[in-house]
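The two complexes that follow have subunit A in common; it is paired with subunit B in the first and with subunit C in the second.
Here is the complex of A and B:
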């Protein structure tokens, strides 16, 4: 097992180096010039050359490549052209949490709903109800996403006026704010993270005792305590109004994303459940006379979890690429939006940096999936 | 014609040999081999069609695809007849223009936007306009009328004509992308599974590499080198998918096929490597390839719409562009008031993509016996 992970890690690092090389030369080969794109066209030619030399852009491409790779190994992704003098690392570390915030919520919501509905769908196969839900699910799954997001914005933000139209926050409310948006956002992230950990721990701990009353006590006590701590942090805090402003802006994108992603999960779960239901052990379970609900939830659904987990972990890695549309349509300043804008503006350091980030996350997710398989399905062994 | 076969062929189609054994004389005297093959193919098709038709969802998908195909065919016909002649300037999907003139009553405060106009707006047309006057104003976008069944867009072009015109492009792109994907992925997957070793790891690492790249930014970067035409987009999507994700799936299928006994039998009978790949492995991977072809069409249609929605593609007219125009002209948040700008195009992309996906799902149940109801 350890050896397998080691081999995979070596393979992945090699692949990542090739990936970086490819990105570097692909983006550098684009027509267009840094000095024409980002510098005042009126400055004299010698100053232009001087600036290019300061960035090392006058050197031959292979020298630039070696320097870049050397820097990247030290965790330095360079400076952004468009946001000079901010470093790429600081731009990404500002954007990445925003994307994760949006997508973690949406993904968790959609996987919970999708898995629940998918397994029921496979169980009640063949009815007109199933056909209706499947049809609706497929339409949500293949819906033209930017258009769907626009319709959602129109309906919930403009027509019903429930949520603000787009953006990350309402600028006018922040004019006098004593903190920066990033500080408030960081406390949102940490508090929700701790809340999630608290909820998870109490659910996990409640499985331990075999006494039903104790189980209940631990479960509800833990959930209550987590929420109480969460509220105790936020209610007296003077950041509360600003935090709610950000949360208010996040509601619609999260909801829209969850709606679209949920359909995909439902379809995967349904397919995986249908295959599992053909297994002999389901027949055995039926023959034993177990309750249908037990067969469905304990015997079939747990074994059908494997492909769903794969798509969950891989999905988390691809959120940046997929977040591009969501973030652009909702004007949510996250990684996807950064990726699109930097690639379009040829802000090459940021573009390579964020593409490399996407790639690194995808590779890590691959390894996680491989390891997770062993825990989920004891039949899988790696030599 | 005598039944002369290479040994490999006999193994290729065990059914042919069986068929021959059942009523040997009849075949030997009357039917050439290709006709038997054709008949077998037909019988196979009928059986699979039965399985396919059991699933109503697949039929719904086929029906929707048929409707869209009719729309695509009808557009040139309509342009040549009803919308042709003097009307071409009006109904051309790209350069057509028609300002629908409508009469409004000038009022202080608008209560019914369909028949009334505010004084300040009216004075743009006629500086002397007064409250109570009736004023004729060209409308862009114009709501549906008998002349324009789905109204006109913000540039005064007929929406129905645009919608039908774009159908052809969507089909074309989807087909190109899907065919290229399947051709490459089947070849790559089969070769990787058959040769194993270096070829396998090289092709699979290549697939991993391609999977690391988010498609939209990469297409933007490629778009920086030259202006991408529609067919080129199809080929690029096809190549990226064909060497990427689909190849991995088809490789695992080919891996399962290449260890089947009939492949060994053909090898023992003296079949060459290429013979084994092209006559034994690939034909057994093809059903799954067709399935991914359907999903490929879905993906290509959505991707094209997304790209032209962001204005990243060089197309004259497409569904994504129609919505992009509506958004750029600021009609987005008016929702149902201008439904003909937002809904026909958006629904067309979604429904056509869904239709191909539904057909793919129904085919999945034909290809994968474990998913079948019985």
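Here is the complex of A and C:
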């Protein structure tokens, strides 16, 4: 197992270098360079050349490539052209958590709800209710996403006025703020992450003891304790109002993303469940006299989980495309928006940096799934 | 034509009736109409007895087995008759109540026993599931392990095999474990649906001997279902021959093998080679079972029957006792030759 992970890590690193090379040349294939971006005709040609020389854009491409790769190997992603002199690493480390928060939340929500509803749909196949929900799922799954996001903004933000229209925060509230938005956001991320870990641990630990009363105690005790700690951190905190502002802005994009992703998960789960329900061991489970819910959850859904997990990884690719659209439509200053803007104004270091981050995440996700499969399916073992 | 009268050995050991099936009718509802999979089937199973159901694929053997547990497919419906277990009719009771009888009173070794295991759980845990549900007292983990160990010893598996996953077992081991699981809650009746079909002949023989031994040791009642009449001959006391959802012949296994009275049973036996007795020509059974959406009028076997008369095409023969508990549903059973197979002696 460890050896397998080691081999995969080496393979992935090589793949990553190839990926970076491709990125570098693809982005450089755009006509012109950063110094030609300024439309002002009053900028004299020698000044443009000076800018090019400062950023090394006058060097031959192969030398630029070697310099770039040399720097990457030392963990240096370079300096942003458009935000000179900020380093790419600092720009990304500001943006990445925002995207990460948005998508992790939306993905977890959509997979949880999609899986739960999908298995019930398959279990009750044939009814008119099931038909209606499946049809709704297909519509959500195939809807033109930017349009759908705009409709959501119109309905929930403009028409019902429940949530703010777009942006990451309400600037007017932050004018006198004693903290930067990033500090507050970092505590939001850490506290929700710890809350999730707490909830996960209590659910996991509650399976260990043999009797039902103890299981219940651990489960609800753990859940209660996690929430209590979460509230104990936020309620007395003077960052609370600012955190609420950010959270308020995050609701609509998370909900919209989750709704669209959820439909896909539901349909995959439904299909996978329908296959599993035909298996002989389902008949065995019924013959044993198990309750329908036990058969559905413990026998059918557990096996239907495997293809859903695979789609989970493929779903991570959705972050690249969906992130761009979501963040643009909702003016959410995350990685997607950063990528779009940096490609538009040829801020090559930031563009490669953010795409490289996406690639690295996708590669890591693949290793995680390979490992996860070992736990999900005992038939899979790596030598 | 005389029928050899053999002493009635039904209800062999105790004579105690365990399961009584009366005029059971189970049909599948399809878009084209009802498919009559089990039509008017009646039989009695005694304690300690092994009963065989034999017939071609699609003749309703498995449908009977599933009906006994009320596990027929969603479109299947029990439309008449009763299934009395220890005097209690299982047909009208609620699904929840039925669940308490499944496995606890009637358990099953399935046709695809190789695939009867859920691949993601350990074998022991899957047996534990049944024990947790049905065992009269709540067993601790250690007690469950001990119980499964006993069961495994009974079927010739090492006790620590319960910690393994199904895919780590060979086909024969999986089948043994399936039998152990079927025995786990001390059921009164075990239904073995093609218990050895997927296994090679040597393992098949071992498993059958094992089952027979366990049956004798525990004084169990087993219903064997097979298309392989050699298997039925080896392990059962009494047997039923099924054709197109109906029971066409019922009696002592020895009687039916020595002198089948229904033309279908006669042809079925004639198409099977025997390693004892004179060498003879095998006669293939011509034709196919009828379409159960629209079964032939009269006797369902009449289109394939060499002895069919006009009466057979119009009027359905009842399953009638021709002496000694040997029952046949045929108007012309006396025309069926005794001691001669359809192929004749080579």
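The criterion applied here is as follows: the second predicted complex is superposed on the first by the 359 of 383 C-alpha atoms of A that agree within 3 Å, B and C clash if a C-alpha of one lies under 4 Å from a C-alpha of the other, contacts with A are read in each partner's own complex, and residues count from 1 in each chain.
We take it that a contact is a pair of C-beta atoms (placed from the backbone, for glycine too) under 8 Å apart; a residue touches a chain by one contact, two chains touch by 3 or more.
From a predicted model like this one, the values you see are computed outputs, not experimental measurements.
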Simultaneous placement of subunit C and subunit B on subunit A, clash or fit: fit
First (subunit B), second (subunit C), both or neither touched by A:376: second
Which superposed partner A:240 touches (first subunit B, second subunit C, both, neither): neither
Subunit A as apex of subunit B and subunit C, Cα-centre angle in degrees (nearest 10): 70
Subunit B versus subunit C as contact partner of A:302, first or second or both or neither: second
When both partners are placed on the shared chain, which of subunit B and subunit C touches more of subunit A: B
Touching partner for A:207 - first (subunit B), second (subunit C), both, neither: neither
Which of subunit B and subunit C A:36 touches, first, second, both or neither: neither
Touching partner for A:284 - first (subunit B), second (subunit C), both, neither: second
Touched partner set for A:63, first subunit B, second subunit C, both or neither: neither
Nearest-approach distance, in Å, of subunit C Cα atoms to those of subunit B in the combined model: 10
Contact footprint of subunit B on subunit A as seen in their complex: 11, 15, 18-19, 22, 26-27, 29-32, 125-126, 131, 134-135, 138-139, 141-148, 150-151, 153-155, 157-159, 165, 267, 271, 274-275, 278, 318, 320-322, 324-325, 328, 339-340, 343-344, 346, 351, 355, 358-359, 362-363, 366
Complex contact set, residues of subunit A against subunit C: 210, 279-281, 283-291, 299, 302-303, 376-379
Interface residues, subunit C side, partner subunit A - complex: 69, 71, 99-104, 107-108, 110, 112, 115-120, 122, 129-130, 133-134, 140-141, 165, 167
In the complex with subunit A, residue positions of subunit B that touch it: 56-57, 60, 205, 208-209, 211-217, 220-221, 224-225, 298, 302, 305-306, 309-310, 319-320, 323, 327, 332-336, 342, 345-346, 349-351, 353-354, 357-358, 361, 364, 370-371, 373
